[in-house]
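I'd like to ask some things about the structure below.
Letters A, B, C and D name the chains as they come in the text, with residue numbers starting at 1 for each one.
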Amino acid sequence: MTERNIRVQPIDRGAVEDETVEIVERKGVGHPDSICDGVAEHVSEALAQAYLDRVGKVLHYNTDETQLVAGTAAPAFGGGEVIEPVYLLVVGRATKHYVDETGTEHHIPVDAIALEAARDYLRETLPALDLETDIVVDVRLGEGSGDLQEVFGEDERHVPEANDTSFGVGHAPLTETEKLVFETERHLNGPYHAEHPAIGQDVKVMGKREGDHIDLTVAVALVDRHVPDIDAYEAEIEGVRETVAALADDHTDRDVTVHVNTADDYEEGSVYLTVTGTSAEQGDDGSVGRGNRANGLITPNRSMSMEATSGKNPVNHIGKIYNLLSTQIAESVVDDVEGIRDLRVRLLSQIGRPIDQPHVADVHVVTDEGVAIADIEADVREIVDAELADVTSITQRVIDGELTTF
Amino acid sequence: MTERNIRVQPIDRGAVEDETVEIVERKGVGHPDSICDGVAEHVSEALAQAYLDRVGKVLHYNTDETQLVAGTAAPAFGGGEVIEPVYLLVVGRATKHYVDETGTEHHIPVDAIALEAARDYLRETLPALDLETDIVVDVRLGEGSGDLQEVFGEDERHVPEANDTSFGVGHAPLTETEKLVFETERHLNGPYHAEHPAIGQDVKVMGKREGDHIDLTVAVALVDRHVPDIDAYEAEIEGVRETVAALADDHTDRDVTVHVNTADDYEEGSVYLTVTGTSAEQGDDGSVGRGNRANGLITPNRSMSMEATSGKNPVNHIGKIYNLLSTQIAESVVDDVEGIRDLRVRLLSQIGRPIDQPHVADVHVVTDEGVAIADIEADVREIVDAELADVTSITQRVIDGELTTF
Amino acid sequence: MTERNIRVQPIDRGAVEDETVEIVERKGVGHPDSICDGVAEHVSEALAQAYLDRVGKVLHYNTDETQLVAGTAAPAFGGGEVIEPVYLLVVGRATKHYVDETGTEHHIPVDAIALEAARDYLRETLPALDLETDIVVDVRLGEGSGDLQEVFGEDERHVPEANDTSFGVGHAPLTETEKLVFETERHLNGPYHAEHPAIGQDVKVMGKREGDHIDLTVAVALVDRHVPDIDAYEAEIEGVRETVAALADDHTDRDVTVHVNTADDYEEGSVYLTVTGTSAEQGDDGSVGRGNRANGLITPNRSMSMEATSGKNPVNHIGKIYNLLSTQIAESVVDDVEGIRDLRVRLLSQIGRPIDQPHVADVHVVTDEGVAIADIEADVREIVDAELADVTSITQRVIDGELTTF
Amino acid sequence: MTERNIRVQPIDRGAVEDETVEIVERKGVGHPDSICDGVAEHVSEALAQAYLDRVGKVLHYNTDETQLVAGTAAPAFGGGEVIEPVYLLVVGRATKHYVDETGTEHHIPVDAIALEAARDYLRETLPALDLETDIVVDVRLGEGSGDLQEVFGEDERHVPEANDTSFGVGHAPLTETEKLVFETERHLNGPYHAEHPAIGQDVKVMGKREGDHIDLTVAVALVDRHVPDIDAYEAEIEGVRETVAALADDHTDRDVTVHVNTADDYEEGSVYLTVTGTSAEQGDDGSVGRGNRANGLITPNRSMSMEATSGKNPVNHIGKIYNLLSTQIAESVVDDVEGIRDLRVRLLSQIGRPIDQPHVADVHVVTDEGVAIADIEADVREIVDAELADVTSITQRVIDGELTTF
């Protein structure tokens, strides 16, 4: 094996934590764009697993184009109803016919698998969405070009070659604002929801830090059947504000102001109430790759990849793999090496080379005061090298659903 | 009330039972055309009931245009799978917005109601069809013209006026061949299926009588998961043949030959095996109004209406009402009046007149030998009159799902 | 060749011309059901021709399931507009991949051919419909079962075998009422439209004869851009009334009353005005096989086949062929043999026999007074025999667009 | 008017031109993602204009969700064909019903307008795409929430308020690599295409600079009807290589290597040939906002907004306006102020404030050697202030189609 082209150098900017203004956003799992991301990725996992089960290798597919067309709803305190169902179209390419080495023909029911995976995902993710009345799930999977097949074999040590010039970028550690934004959504959609069923999954969190003041703006779709009246609504909103404020206290010493559902107008009776817990029920369309990046955040202060990671084939889609891998490398480095204040990993592929041999692996570091690049370079390089050597484990972890993509 | 225009006269042909050649067909509930009929009618019932529950009257709608696009399947002994799901599009018109007398606005979720009704119907009717993988149900309901609204009020004695020149026709009694065809499908899809889960719902029965010989040709889609191998398949087919032959013995003294799945070729392994119990899974599209008439049969020897009865609004669609009513009248007359060998009832509407006052109610009779029209005319007329007077009960019975339309 | 099983016998009813009440209907080419029939048949012709051009034979297809979902429109004197386009879905099965005798692979672009054929047909048939704004044409053609391929070869004398037990029926001559209904629509949509562009293609004619009085009820969709105001509208309607009355005078000595657009209410300004010349623009859905039978009429007084003739493969779909052939036989017989007042031809297929050898060809005749069956039987039989021998010419004429199916 | 919050400060990084590795990409107008962007934006312009023409103001809409499902094609030297049409679904929200101040009701045919605009755009942009056979254009526009209507009035000086916390970013000047990538696509799709009709619109350009070496990788879909054979293909590719190399010579003194269609394999006959000039015909799906940012480029070395600019309402969608405006500000500053090597403008909105009063307008500058921020700050500030004051002209220029969004 040739040596990998790994560069470790100072970043030509300050740490994001030190910038004057920082903006961070996270669209929760129930946001229309995130619904599409989640469906696309879950369909991808199901297809990959089905290919492995049936023919022993992952065949060519990409399902990164789910489109959601919003419905119409009439939410009401105590329980309203969806008027016109949401329409969700799963779009992509997948190999439907395969002849294996023994000459056996396989017809893989990719449309049926995708339909089931999409419905399963929606059922698990959006408990207030009734799949019998509130949504139509449709599928249009075509076949791609035949020469892209056969990509992931029994020989697990085989490293595929890059089929495109592509680019991935990852960062660590998260800034305080990033952590806050991420954890706020995760907390509301996780432990807090478990206790408060009125919390819908369409939780959108915007964080804005100016100097040492952080504004956390949270929009939460409440589920009408769990909210009997306007007083209950106000109480729920106040509950969210308090739990987010408490969470913020745990994560930062900075001043944090929490705003919840700022567009509400109690006088006019205009509040953020939904039947299903998502704004997809009324007027908000969605599609894949329009929301969170692979690390779960939208961070205009940082380099971002335009790549829609969700739904891509995790075996040979170099953009997906490198975005996930660069994020993982950044986190590993920061976990294991002391003295790093901000770190960015960029991986650039070269067509035709094995993907564990990127054209360049670029590591830019802001060190803590008193730490020189030279002090940590060897350690960083070693971790990057090991992670690259293990690139195929990314594929496996994606198929197993262990890595999130949005 | 004016007197109704009822004519009772001899028919200008012999009884169908006496014709040399008679052809009768029934498409079972799992046939693609019947699936569409059933979905359309079930959606209609659900909409009618929802309107009654919400605004106290049935508003304008017609849902008589469901279209089924066949899927692709790979059936296999012991259990195969659907490859590409069936696509079912529920089409029609329905009032979505209504302001009642008190000025209260109602938004009726007709699309959501239709979606649920269609899925419920499929689940109940086709037990081997997995609604999570095997079918996509889509809905496109528009709004009709506004001036057709408000048609069925609290005042139950109000009889609506005909809004079209239309025509209904009914017959009684069924001929032996008709009975046999009808009962064969009902038996296979009912008691026999209960004992033999391998029997799919796509049972098509064709009866052909020449003189006193009847050929019953039965096509039955078997459900693969209940058929382990070709021997089991043969046994099932033989079982169907025997039960139908026994049924025929009970219904007629004529010679009956039973043919089951005649297109099968055991040598070639080409048999009528399905995953879902319906040919809709592979290559057979369907739509409303293309199969059975309102009495459940296709009878080219008799007058038939082209009207697609299923899915029509039972309050004001005169074609639907008159087809159901004329059939009911014919059956009532034959039940209560002796000496009738064949009877046809035709109802012709006149625009603008109450529907209990048809332009003409035409009763054509073939009497038994020795019976004169004059002997029975008064009794027949009385029954026809009473049934017409009670026309609105047809509407209620349709809404309650008591009358079948295909 | 075995002798054909042709039976000529007296009909067991009187002539339809002599019945007391007769009802006849024709849906013009712009009626939503007829639009679907026409699209389905035109797509069929285009596919058949494409197969012949590319592989020298017609491969398996059936495109008899076009579904039309109505749009929304705002017609206005002088010119209104379509608000929501009509949605037309062409559904069916067609062979997409074929390997010929030389091993050459053919990929037949059946979806593209169907799309173009449908749009061409709409453009020609509905001049006021703007294909850029008023309609969305979509296509979903699947593949049928592989064993049904290769059906129409170079060997033109090869007669295919029936693949189903099916039934066709034809009548001649038309009654006066039937002729009137048919000619009224043809005249309005032909010569009269050429002079009066305000006449839309959605012309529906209902004829009702009671004894010697005929009511012709005509519904004509006027095209708004050619109708500047209500006075012009009234003048157009009066023009239609007069031309139909004159036409009636030419065809019958019976009393004829002509009604045009009877639902109009000038006081309320409620008239039958359209942007596109068809009610499909607002609220009237349509599908194949729901309107006219193969002879262009709906005739409840006569035997009718439920078969949707339009869009079926003309090579091997026995129902289509026998409906067209029986009509043609009936017309030939009546043209060439004197003394026939009413004639019905029924053809019944038998699976596995060549289609020129029907199980039975049933000819029922009402002769003119003074003519006995025996006088004409030989002539009739000869014509029937010759037409059956030439059955494959039906296929060719359908492909060439010479035979109409609705 | 309050003073605007404009900050001018040094950027905390070097100029992108000075970074070691730079990556830039542009997806040409025929790339599936760009097709969606272009359709979405063209539909938006048509809707905005229609609202202005009909009700004198732009009503609420967003059409930023067009989805393209790839077709199947069989390209061939001299001319192949599309097998399965592309499916393009225009998705969004638009106000369909509006009552103006005088009480007049307006029904705006938004679906018909969108359909026509999409088809017009495709016809103009993709000359080799046959709209009668190669693509199905479908539309699903719902209505958004009613309270978002009435946004752009006769009072042209009215500045709307921000309805969201959003963010826009712009840069100037372009680096050499950026210019090269941009101009390469524009040249190939413009003047060069005019002379070489074989050049399809799906031109994708990737630029990678390492130090002073630039690799330009160009993928060009050739149009088969203009390429008679493999030799002609090679000649076209060589022509592209030469013209791009010449273009590069004009723009930079750096070393440039040009790669064209590197995935071609002449031995295997595997080349980038298409029927329609876009990979959408075979296997490449697309959607809005997945490709170029508002300045026409994908620039991972720079801050980017995730916002899908195309198709958004240009009156009140703050993300769209601020992305376009910040780009325009950056360009104006660089045009008028000397001594700037790299400049980034970020605009951050604040809900409820007029959009000409951003929460902060952040200008980060890298000055030329010898130039201090203080030397230019006043000039920069003045230009930013003037551009912000004129923010509503952005809206008008978008409606007029003068600003590109991708």
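What to note about this one:
Heads up, the rule we're going with is that contacts are C-beta pairs under 8 Å (C-beta built on N, C-alpha and C of every residue); 3 or more make two chains touch, one makes a residue touch a chain.
These figures come from a predicted structure and were not determined experimentally.
Using the average of C-alpha coordinates as each chain's centre, A ends up farthest from chain C. Note on A-B: its contact pairs, compared by residue number with those of C-D, A-D or B-C, agree for more than half at C-D.
Look at where the CA atoms of chain A average out and do the same for chain C: the two points lie 56 Å apart.
Chain C and chain D, compared by their mean Cα positions, are separated by 50 Å. Annotation: 25 Å between the Cα-based centres of chain B and chain C. For chain A, the set of residues touching two or more other chains reads 84, 87. In terms of which chains touch, the assembly is arranged as a closed ring, every chain touching its two neighbours and no others. By the document's touch criterion, interfaces exist between A-B, A-D, B-C, C-D.
For chain C in complex with chain B, the touching residues are 9, 11-14, 19, 21, 23, 62, 64-65, 67, 69-72, 84, 87, 89, 91-93, 140, 142-145, 147, 165, 167, 169, 206, 208, 210, 217, 262-263, 270, 282-283, 285-291, 293, 298, 300-301, 303-306, 308, 346, 348, 351, 360, 362.
Every residue of chain A that touches chain B in the complex is listed here, in rising order: 74, 81-85, 87, 96, 107-109, 111-113, 115-116, 119-120, 132-134, 136-139.
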